[in-house]
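A, B, C, D, E, F, G and H label the chains in the order they appear, each numbered from 1.
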């Protein structure tokens, strides 16, 4: 079987590359999508439509531009991988998880043991919890088997 | 007009009480629902079905029990208020926001200016951002007017 | 039969009052909802959350606050009446019509003959076109008959 | 990422061509759809099924024929661009915006500053507001980046 | 259990009255809805909005007015009874059946043995086929039992 | 634009062939689907699963087998053409129309003037009414234009 | 909070009575629905519409009559309790679980430890697994707390 | 016509192979999907994410991993074949049937006469009941005919 997989969350480590290259090595028929992961470009997305003086509205404009990409990618996904790293609040990752849950799009969380309690509601509707990109590759390999 | 309003998020300050009592003072026809806001009872919800030795599964069981209440409350809500406080990760609040967004249930965020950038995706799909319970009461009063 | 009827559009003439009082005279079991029809209050809805210096963002904030009322009212409606008057662009009325169409909520347009060509797409998905509040009352009376 | 983009609204200026050619220049993988933009052919669409003596029913028939194309194009679109020009009422453009909103299809409005207040409800549910086709091309280029 | 039951189809015999009075006798907690069953009033429904010279458009206008009542009644129904009598084409009854089927609203057909072959597609998605109002009353009594 | 078109209804005249060959001549990019139009094979569809002694259940079994094809074809269609001929009750055609209406799949009816009054509810939710396959080809050609 | 709870599955032990009486003792605001739990009446439901000679069609007719009650009850439920006892195949209980899962209606399974492996897919989408009616009462009490 | 067919249920006999090879012989344009049918691999799916000491949670983890494949396959299917064999409880097969029913995905059951009474609710919403893979091939051949 083949899948479309959305990679949501943390943008400061190499987890996406590890999953993608791991799946390529396994020869899986998977199409990956992601948000724009260039942090500065993402924050500045709204500036393309004119600059803002208020930081709230600048963020607002950028977030709404980015949402067009994210919403389409999630709605077209068969499975989402949602990564929580060590830094930052990462509320957008939890937001994506809730969005998936409501649309009945299965998702796998990817995070360390230290975050178990804080992520219990997000994990509670997840289909699985993984601690490493390698585990994600193994699960996707298993799910893709003939 | 009358509304059913779900109060999501932070459970360690009095924001819910302030909104509810403020709306009562204004004589609004609003029904409020909330998650179980007793922290210990909420964490122990799953223990009612037998205790777990693994902390992951204990959290998992409790989260899934609590989700029955939360999901029903959100699905029945006309409007959600989603509160982010100063402490903790509060990923469940962001999760609820994503859930509302996917179901097209309008929500208002309630948080300080310091969280603007971190919450930009959550605010980006919100219908409004408030900084105090009093503002929420004003908005609900306005929305309820004949 | 009883109905919930949403009254969308023009806020500068007495058409809402005429329909409501006409239905009361007929003894119909109809619940009416409307947007906030105080023009100034409606434009200032967002100011309750803090004032804006940019006119775009002031309008934006107010529109999103008002949308919470309008969306809920439309989603709960069995029938919408959508009024186009002589003045202004009234794009919000056409927007409401499109919203109703996508949700399969039947609507009746209320406008003069002079607007026929300009409103052809809006009338094309309407269930009926009326030219006076009295006609609306007659239709609602007919639809409510035992 | 690739997108299907619906171009709704004004049919008397070259904005569609500018967006399409701009996206081709950028090498984007975007499929564009539009309503029939030949004004006379569009008004006469219903005549293919026999002529009408009443102008209302002639418009009605044509509008319903055209709606088959428009509805299908919108439902299949990932993003809609909704253009409001200087002339005419353009209620069909606002209608399309409402239709998109209800189906949760993200849309970008394209209009001058002079229309801000009149379009506040339409902009309020839009993901972005642009003032030139070039800005639209920039946004689509950004959203399409790997 | 209690139900909302829509009574669709034939308007020239007493089948509706028999079912309603039979259910009242059994003390069932059922709310019944119907289309307007006054044939002349139904055909003239659109005349309330102005008369038409073309018979097609007169019928069209009336059908669309009536559809507001029918659609709302069906969407609110738990169960529909769809009656096919001996006379007329009764395509509206079959249309209602298809409408119910797509919305997953269970329906029972009510017709004689002579119509079995002609109604096989309509019966194929029905939950039951009855030949008399008395059978309908029996089924509704059974379904309502504690 | 390209379309998937479902051809529903009458199976005893050549209307399907005329539409398909007309569209091929016009070079349209349309995929057509139909029910099984071999009358005897259609009636005997259920016999493949074992014969029945009761004519009701034989029809029932066949109708349910055929429904798998019809439902899938309608759900995948962008537009349906629904043909009512001169003979038979053709309740399945009206059923398909109701099914389309509930799923918001636009359909065009194809029938003679003599059936106008009997088909008023079916025509009332149709996007168009045609009287000949040639008109259908013209409409599809128009809708397909670049 | 108040709930509507559907009690699905086993009909040969007193588990329903224990849950209902337990909730009444706790003073909970819960409305319970159930299938018809008189085994013989349930099997004979279709006989009300005429007797069948084939056992397959007799079962078929009865199952479809019963489904009208079950479907309505499940669709109206906030939570379902799905009981698997020691005897019989109880495929209808697993069917109800799948139906709930697809509609995103949360359910709790009620069964002994001996059935864990056989029910793993059904438990996998459940919100909780209980082993006694008393545990169900405790969970419902918890979920109903103010 | 072409179809996507999901093969649900029993994994200990050759029924899948017989259907697939039969359809290939007939030259049908059908894409088949299945759950992972290696029993041991399926039970151990969750172990890829770390081993569990509790048998309940081991099963739970595996079931939720497998559900990602099954849910996607069912949602993408045009038709499901649901096989009940002689051994085991096979509640997952009945669960899949309920899932299909709620999503209005037509399914055919495949089982012996001995299971008729136990499967009456599952058969009651099925589009057909077959007793051999050969019958399934015949039905799919019929449904695929031009």
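As a working rule, contacts are C-beta pairs under 8 Å (C-beta built on N, C-alpha and C of every residue); 3 or more make two chains touch, one makes a residue touch a chain.
Being a predicted model, the structure only gives us computed values, none of them experimental.
Copies subunit F and subunit H touch; is their interface built from the same residue numbers (over half shared) or different ones?
Both copies touch with mostly different residues.
Rounded to the nearest 5 degrees, what is the angle of the rotation relating the C-alpha atoms of subunit B to those of subunit E?
So the copies are related by a turn of 180 degrees.
Please compute the C-alpha centroid of subunit B, do the same for subunit F, then give the distance between them in whole Å.
For subunit B versus subunit F, the centre distance works out to 49 Å.
Where the centres are mean C-alpha positions, what is the separation of subunit C from subunit E, in Å?
From the centre of subunit C to the centre of subunit E is 31 Å.
So, what's the distance in Å between the C-alpha centres of subunit G and subunit C?
So the centre of subunit C lies 43 Å away from the centre of subunit G.
Residues of subunit G touching 2+ other chains?
Touching at least two other chains: 64, 67, 104, 129.
Spell out the part of subunit D that touches subunit E in their complex, as residue ranges.
52-54, 57
Mind pulling up the subunit F residues that touch subunit E in the complex?
Where subunit F meets subunit E, its residues are 55-56, 59-60, 62-64, 66-67, 70, 84, 88-103, 113, 115-125, 129.
Considering only the defined contacts, which subunit H positions touch subunit F in the complex?
Per the touch definition, subunit H meets subunit F at residues 1, 3, 78-79, 104, 106, 108, 127-131, 135, 138-139, 142-143, 145.
Can you check the complex and tell me which residues of subunit E touch subunit C?
Answer in residue numbers: 33, 36, 41, 45-46, 48-50, 61, 64-65, 67-69, 71-73.
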